[in-house]
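Before anything else, here is the set of structures, which you'll find just below.
Across the two complexes that follow, chain A remains constant while its partner is chain B and subsequently chain C.
Then we have the complex of A and B:
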């Protein structure tokens, strides 16, 4: 079904409310034209037999369909009960004021629409419009929870509430990366990203509905095992040992990753995904800190070696549990500050959002690694040979570091010093575009969701990267510096999906790898374009 | 007298409703930070590129700096000229700006009318007929009034046209959205016609404002509601004043909270500060979320729940 949709259509009967056909996505330039006629692979019937799939061409959660009418009605009641709680201070003090303000003051001017990369890249599919899901929630709230709502709904916008509406809304809340460009441009200050965040919370906190990658295998596993990767403390230490050996190869001297050092100046919190997917990032941090003579440590306590906090995307309670755990580990280690490694959402989670959760001795100072690294690089303690990084470099700005925290210049100051061919993307800084993997998308790959991400939500970033290097010959290796694990994962997937290494010689990595690559006295380069790293 | 009573009631509704809106905002619990950069009260150097105090090493050792001047430099053009809309949605700005500026000019006109009345009532000699102040005030009233009416009519009719013809706006517009614009159109059109058809110097408005402040005494021989169009103007203006705070149009002043309490709220939680007390109070609240992993029962506090493991782990 591909007619002009309105918010009330979310309740309509249809097998697929929105389908993206071949050629409808924003076109890619040469040499990627062959991807312009590609549509998403159809969902496999045997896999989607009993789940709700009628929103669009993909599935993020996979919500089971109710078996009986009674179950259907009970779920609707549960949804309304959760919606009511979003507006109660006992249940939602964390976001009550921002939510109320955004729910009540939208002028529906559509300024937000042009800022949304998902909406734009999808070929302006109505359901991806930032205001679409907000308007659905507003109509349900006004009609079913406000006094006289069923009468006034005829005047303020009507919408039928049934299981299909609810299940589609749940799925739809996972088509927004929470990049908040929409909120940044809203002249009134309304935040559709926030409303989306609150919809996710309602489903998780009241109905127990969330993508398994971010709940069961994410925050729950993080608290149970110690890391959302499934890595327990022993495995984390083993990984670190292996990383030390690899780094010794590069530096020519013994690199030590210190564990559980009480009273260290810095507790370094990495996204544990780095240890498994990009161990050179963890190693590069160790080289820099060691070379600069920094007093630092990592924690081997469960959750203490994994900075992620997936609750940021969908659940305030899970968020609080992880944030408190992180702070408590730092408190017991008696460190002077926590430094958050190259993980964007962990930056915002622990530094900004948790700021109003942590009190007393849990309120340990927290700093971005961008800032710590800038201090080291600019201090003169380390000697650099920028000529070693004499290849085109562009910088991806993680939304959570830049737009949500205002940490913009430290990483740029570093690049200006060590990467002679550094160039910006357009736009950049606080106006950047999301990598397409924000709010959990980078780790969600069930059904055909990863393909949707590569084709739709990451498309704008891919176009930006291509544009940043448009004046470079195809064969010249080009480095996309993405100082965030989830962003790096998305960019890795874009490069693989579009064969961009072969077609444009595109490579990616973090910031610390570039710093170490430019360090004087290294035996081998840490960045080796085209070589498979030894850990793969 | 009936018109005056209506206007008094409408002003009372405006004050009451606006007071309720603001009171509610002021009494909401402290929420977590959710700012977006650029935060406009940042220092000039940081503001230039949207940076924050968190870019500094050991930022917590520095005093929190906030520049009211930088904030005003942004807010004044934003409020007066809708600079955000100019930058991000130029075609809508072309109708939205005249509508909003027209309303501001009408509010200013009313302010000048009140000033004129007060000076008259207090017996300032300068306001006596033929006096320079009287002349100046009259010129300002007429200029602001007519400019406001012209801009308001262009803006409200333009906005109505855009909402009817632009698919993106139309598909999200409800009856209430059209009603709101029509209401504003009615006021601007009726006031425009009333002035055009026999009161180009806004003498009627002066007389009505005088009457408002003197419980119906007349400044001159003009009595409100002498004709239908005059009546419509008074009624629509009064009702509009009462209606605005009851709708999303209250964004005209509630925008303050959207910006200051959310978008730019970057105030850090300092150990031992007032904010800590508010956070501790929030942690005493008892949630009732039903999902199993939350483990809430209405008895456990946020503190108890956040310090415990999710149920799946038990």
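Then we have the complex of A and C:
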């Protein structure tokens, strides 16, 4: 009765290709059983009148439906033109080689499927299988771009290319968080995460199709006003000034955030969202750097106070514009190196991916704050009283910092020194699970997408967090240390959605807050469980 | 783009109800919208003080201020602010003031 969905089914017109029914998601343990029969709230008819919704129970992009047959056909042609470019050296010099390898060599062994948290937690829905969307792209590529493809398609797997196929594929590229756990376990090195990234890229660069949170309100706004948050340079300075006052009030420590200091050793790049949503993170960095006598600065130039680079997730052109801007600001400030704060995707963007882009004097040394902080904490310059952090702590590994870059131990060395009740999640390190908010999901909340994230893509992380603290009494406050803005956003949403503060006394925050909390000489703790954070 | 009709006029809003055409904001908009944010009756002087503060901060800086800053600059505490805007200053307050929804990693 329940025929297994095949990649070719993506082309068959229907209202909904895949529906998750009540009770199909992986069950949650006590005291969260009441969430186990919950299904996603239905999309509101008045909000989805003219948009494509035929993939599943949610919408990430909201692609307008073509009004006429001609428009429909033009979009299919546009898609094919974009697809062709993905496989041309001059149009995709960045990722052509790994894309080709991944297109040609998948053995369909399904090792990746078992590694994917979205697929597993969804109740193993076929469309979320990592190779499902790759196979759709692979079949289109073979049939329409390869010589004799229309004939061999009958043997190697056929698939019709129509607007339904394309619209669903675009939405489907936003059901994967690009955590690349699939790529890490593949025995032959196929990267289904990369294929997904290339699909997003095709849609954005060729067809102008991307979620507004990461494009229009994200990278476009970043380049226009200086930050994806909408903060202009004045606002950044105003917020920082306020953070200084708050820090002094909270900890009793008088801190100065230095701006535009030419020749400083370090240019610190924060995700600007920290300034608005987690200002204590920005304040804690400043306290640590100042207390350790570091020569550092922030930049008040547009884009220089916002480390984000959303282009990493969906558009090489937007990515390059921002990366070059970041490097150029550091070059003109004549700093010795850039340090990237607690923002995972900014780590990968500026250190790894931008490495092919930044040449000559733009190739300024770039370092993870995990490493900088480890140096400071281990140097002996600062005195700590770990007893102040005497509560259960677990560590979330941001995929871009840990799996993508292999930065595993620095943050752990710090925690072992300052958090006596630190315990690992299972699994952790490069085998970690995504927070569920990767690749922009944490900031995407149109339609019912945030609910899909909380129920499906963040579910594995929630289970892991509960498991890490399962032997602790309910009323003991527990701290999930997540050194990444995006991860913090999704963990905050998990806690709210499942009422986990009330039910499990779960709290969350970054790494620097724990460091400052253990620092000798602070009058009052920076971590105050249960108090409404002063900025909410 | 969804639309809402308030006091006889039509406004474009996003799917969460935040005004999209910021220059179309007016006091009738705020008053007519108040009940959807659980504010009963007529907006008081205290409401207007916060709404005007939010608008002027937004005009200068392009963002809504941190909530703590709203309290400090207006000499009220968090409890009072939530009494004024029961759905929260970031949601209810900004919506009535005609500010757009916060963006970026917040």
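Basically, the second predicted complex is superposed on the first by the 531 of 536 C-alpha atoms of A that agree within 3 Å, B and C clash if a C-alpha of one lies under 4 Å from a C-alpha of the other, contacts with A are read in each partner's own complex, and residues count from 1 in each chain.
To be clear about the criterion, a residue touches a chain if its C-beta (ideal position, glycine included) is under 8 Å from a C-beta of that chain, and two chains touch if they have at least 3 such contacts.
Everything quoted here is computed from the prediction, not taken from an experiment.
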State whether chain B and chain C clash or fit side by side on chain A once the two structures are superposed.
-> fit
Kindly classify A:238 by the partners it touches after superposition: chain B alone (first), chain C alone (second), both, or neither?
-> second
Could you say whether A:430 touches chain B, chain C, both of them, or neither, answering first, second, both or neither?
-> first
Determine how wide the angle is at the CA centre of chain A between the CA centres of chain C and chain B, giving a multiple of 10 degrees.
-> 160
Once the shared chain is lined up, is A:486 touching chain B (first), chain C (second), both, or neither of them?
-> second
With the two structures laid over each other on chain A, which partner does A:383 touch: chain B (first), chain C (second), both, or neither?
-> neither
First, second, both or neither for A:109, with chain B first and chain C second = first
Looking at chain A, which partner touches more of its residues: chain C or chain B?
-> B
Given the touch rule stated above, what does A:7 touch, chain B (first), chain C (second), both, or neither?
-> first
Closest pair of CA atoms, one in chain B and one in chain C, after superposing: how far apart in Å?
-> 16
Touching both chain B and chain C, residues of chain A = none
The answer for chain C against chain A in the complex is residues 2, 14-16, 60-63, 66-69, 78, 90, 100, 102-106
Inside the complex, what are the residues of chain B that reach chain A?
-> 25, 28-39, 42, 46, 49-60, 78, 82, 84-85, 87-89, 92, 96, 167-169, 171-177, 179, 248, 250-251, 254-255, 257-259, 261-263, 266, 268-269, 271, 275-276, 279-280, 282-283, 285-294, 302, 305-310, 312-313
Mind pulling up the chain A residues that touch chain C in the complex?
-> 46-47, 213, 217-218, 221-222, 225, 227-232, 234-235, 238-239, 242, 246, 271-274, 276-277, 279, 306, 308, 343, 442-443, 445-447, 485-486, 489, 532, 534-536
Touching chain B in the complex: which residues of chain A?
-> 4, 6-7, 78, 81-82, 85, 89-91, 93-98, 100-102, 104-111, 113-115, 126, 131, 135, 154-157, 180, 183-191, 194, 204-208, 215-216, 219-220, 223-224, 317-318, 320-321, 324, 337, 351-360, 363, 365, 367-368, 370-372, 374-375, 402-410, 429-430
